[in-house]
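Next up: the structures, one after another.
In the two complexes below, chain A is the common chain; its partner is chain B in one and chain C in the other.
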Partner chain A sequence: MLCSEVLSKRGFWRQRGRNGKYFYGGACQPPLGRKEHALTSSAILETSATASNGHHAVKHSSRLLGLKCKECGAKYEIAPKHVCELCFGPLEVAYDYEAIAAQTSREKIARGPYSMWRYQDFLPVEGTPQVNLEAGFTPLLKCDNLAKRLGIRDLYIKNDTANPTWSFKDRVVSTALSRAKEFGFTTAACASTGNLANSVAAHAARAGMDCYVFIPADLEAGKVMNSLVYNPHVVAVEGNYDQVNRLCAEVADRVNRNAEGIHENHWAFVNVNLRPFYSEGSKTLAYEVAEQLGWKAPDHVVIPIASGSMLTKIYKGFNEWMDLGLIDRKVVKISGAQADGCSPVAQAFREKQEFVAPVRPNTIAKSLAIGNPADGIYAKDIAEKTGGSIDSVSDEEIIEGIKLLAECEGVFTETAGGVTIANLKKMAESGRIKPDEVTVAYITGIGLKTQEALTGHVGEPMLIRPNLASFEAAWGRKI
Partner chain B sequence: MSVLVRIPTPLQKLAGDKAELNVEATTLQQVIDQLASQNDEFKARLLDDSGQLRRFVNVYVNEEDVRFLQKLDTPLKDGDEVSIVPAIAGGR
Partner chain C sequence: MNDRLRLTFTPSEVTKPVVCHMARQFQVEFSIRRADVQPNAGWMDLELSGEEAEIERAIAWLEEQGVRVSPVGGDVMAG
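So, the complex of A and B:
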């Protein structure tokens, strides 16, 4: 550090940089050789966002070191912020893994609750989780019927439709809102393609928080109803998800400032200002699979991609446990699944691009319809370095994927699950999944919410009168 | 041409703690030049070494992502609104 530090009257640390200007915000030691950071090489330590708030003291855990920028490495204290002030890169929770190693073990985990909270040692929530519908610990189904159809041998489905609001979003929402309570937020909010809104609305109801969910106006009726029932404020935006997302970023900026422009914690947008905490909840999808496989990682996983966040966190989860010796080290191939109508990450993977070019989504897989995926580049890099792949499938293949899983294994997934199964099929047929690989496909949402996609693609009931003759006539046989 | 520029929280300290600024500009590049004339940190925060928008910086003109328009060369007219928004995630 080349600067002096003083505490400003607004409660922020400020430091004088090389050029004599003051900078405010997070502590930073930027990597050498990054020209754009030369001006700010002595950045700023924000004591915490709550310092200016006054009424909520942040608890400190020995497990949590702070927040760290995934791009430039700048460090910040634990606070409800998601963007690096220096490079706009995403912030991620940094842990003290020695402290975690000292307090965790397979035995301790196995004694834990039958929910995602058995893995709390690895999550950024410090006290007893305050917003909890007992998400997680969903079934890992051995799928021999589907495996046989695909010509592979060792296939599992992680059935995350078995969550409180029927999608994996309960994991990230429980994490984000439990942390939000610790920060002192009173309102839960999100930008959502449907499942997230359902989960935020349900968890907010249980936690007694006010709730605003922002969704594209053209969502499936099931996803809208599954929010409305919890009585939140549902804001249907005439635009696509990327536009909803942008709007929420702007709303989050405004509602968390008081009349003097000073930050206050009011609205916790789980996937905006709480995003570093929210996204960590997806790591439990890796931990559970490893534990359910008998404390070992699979060989290959197939994961749906929208923003790319879940894929990066499943990768992180497996690697954390390998680093801590909870499971044996191996390379888990991480593959991603997209729909042709919104496949910016698959396109970047195919073309070996160093960036993900945004697209305008047009697919029945609305929960994956993010044309500007913030974690897309990280997802692409992970697939590349683990020997996985990222591909996409047509809407027709998505419907066939939904039906294939239902007919083979009795699991009714939404369109995103159809994307996963159709990509799994494509990968198995092309040899990218080896027949003897232990493969796990993540099914992250239930089909009851996206029934429109199947209209005209499944059979009709036999309509009969309540007598034997009518049944025999419809059945075409005599009893 | 006066355009309204919405400044996100991480940059407001560079803009005198203002959430909005009025700027005279006919292209997005000129908006950034104008911001930089008020505080030269703006350029380093918004642009990469090659002078293009950083990959985690999204800029919208009247709600349209400039990457679907003409990026930094996107023309502006009087009364246009420019929003600078950090990339954010949702969904899977």
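So, the complex of A and C:
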């Protein structure tokens, strides 16, 4: 579709400028009922790109309608692109839910593989997933010990430390790279400080794809090792937080253009040009919880927020299943958790702001240290409309959260999980989680990757000589 | 060359015509696509066009003025 058609369908006005080009102005449709973010009629949008802009669209199944801008509603063919050519709003996959309803059922899902791919009817991958380490279908643990400590009754954790590279990123990466293969990409890429890099490197290795991982130059050696073992090209970028981000965005854009500036498919940057597909993988975190609870949604979920994407997709996942009648309709309270040292969404929620002001992260929860969260405003809107909340906790509380989960339930989570548990505790203490609510906290990564955060905060071993007397002396009792 | 950027303004810059000054001072053109500017803060998504070195100088100047410059679509670096 030409941009002029898109614009006129969206109600934009048009006038011819002095150079003969057409200029467009008007307002975009606000998502989720929040205040208008678009320009007023005094501003002008100059457009120069067509809707598809040279992308190689592929033939797609009847389940997938295309891509749709979350801000202005412009529609695009299924293609590796993540922002709207008109308003630069984020794109997401649009589905034909009638087609999905005709081919899916609880029984069909239950017969599927014990992985996230049992939910493929709801994912933007056409054929057999080609990049698959069997991520997903992780345990939903009933946590009575922790619940008792927090004064609530029905508490579960979704233990996504049990994924192939020990974090929830395997869900989104498997989705993105399976789709990337269908687009014809042979190179996978990402910019990451940890979990995403590990997951992209591992999945690329299994799929036989070339792989580039961009990391900050000052990243700890242990985290680099978790990617290097899969033998990707690792590029360490010197510079401050904003410089590294801008460079990676530029690389993702330039590497996929030819000499004439036309888009070509070279690198699948999973959370950039593949972002609409990548993010959909997080919906499986909702589907699994609903299925594991006996085909019903919980009352309240607590989700760590980095970019905010996971929170929005868990919300979308529950609502898709309610709309299709796979689970009963109810309002699931969606709450978000951040660290004080990087809490732009919590701040926007607390101050009822209409946009999320970026921050420069400074927290031990590195996997949540996204200063300019792409989906932050949508996460805030969802928490507001579902009766949830978004709060933040200190680094000390994060460490206590890690220890609390380990001591009560035998699950060792990374700092992001500490953020979730510490916020859960705060919410229970303040009454924002009701004692009788069925509550699920999402634990998204394993503690072995962030052991340095616990240095000096856990006990020391008893050092003894190799005889009983030494043991009894250290133990303080006679055998 | 084109760069798609989000500029974020804090209360001290929101009333200043920094984008206008940028375009006068550097050989760059800008196309504003979306914005939300309020009395105490705001953001603007725009496309900057020009020579690569000139765009880099314009970005550095914006940052010197206290404007936060980040990629459109949020941070690319992930956890």
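The rule is short, and it goes like this: the second predicted complex is superposed on the first by the 409 of 479 C-alpha atoms of A that agree within 3 Å, B and C clash if a C-alpha of one lies under 4 Å from a C-alpha of the other, contacts with A are read in each partner's own complex, and residues count from 1 in each chain.
One rule holds for everything that comes next: a residue touches a chain if its C-beta (ideal position, glycine included) is under 8 Å from a C-beta of that chain, and two chains touch if they have at least 3 such contacts.
Remember, predicted model here, so these are calculated numbers, not experimental data.
By the touch criterion defined above, A:Asn271 lies against chain B and chain C together after alignment on the C-alpha atoms of chain A. Once the two complexes are laid over each other on the shared chain, residue contacts for A:Ser279 go to chain B alone; chain C is not touched. After overlaying the two complexes on the shared chain, residue contacts for A:Leu368 are found with chain B and with chain C alike.
In the superposed pair of complexes, A:Pro216 makes contact with chain C only, with no contact to chain B. Once the two complexes are overlaid on the shared chain, A:Asn245 sits against chain B and chain C alike. In the superposition on chain A, A:Arg257 makes contact with chain B only, while chain C stays out of contact range.
Contacts of A:Cys87 after superposition on the shared chain: both chain B and chain C are touched.
By the touch criterion defined above, A:Leu196 lies against chain B and chain C together after alignment on the C-alpha atoms of chain A. With both structures placed on the common chain, the touch criterion links A:Asp328 to neither chain B nor chain C. Within chain A, the residues touching chain B in one complex and chain C in the other are 37, 39, 71, 82-83, 86-90, 190-193, 196, 241-242, 245-246, 248-250, 253, 271-272, 275, 306-307, 355, 357-358, 367-370, 372-375, 416. Those residues of chain B whose C-beta lies close enough to touch chain A in the complex are 6, 8-10, 12-13, 17, 19, 40-41, 44-46, 48-49, 54-58, 60, 63, 65, 67-68, 83, 85-92.
By the touch criterion given at the top, residues 21, 23-25, 35-37, 39-40, 71, 82-90, 168, 190-193, 196, 239, 241-243, 245-246, 248-250, 253-254, 257, 261, 263, 271-272, 275, 279, 303-311, 355, 357-358, 360, 367-370, 372-375, 377, 416, 444 of chain A touch chain B in their complex. Of all the residues in chain C, the ones that touch chain A in their complex are 3-6, 8, 10, 31-36, 38, 41-43, 45, 47, 59, 63, 68-79. Those residues of chain A that touch chain C in the shared complex are 28, 37-39, 43-46, 48, 71, 82-83, 86-90, 190-196, 214, 216, 241-242, 244-246, 248-250, 252-253, 269, 271-272, 275, 306-307, 353-355, 357-358, 366-376, 416.
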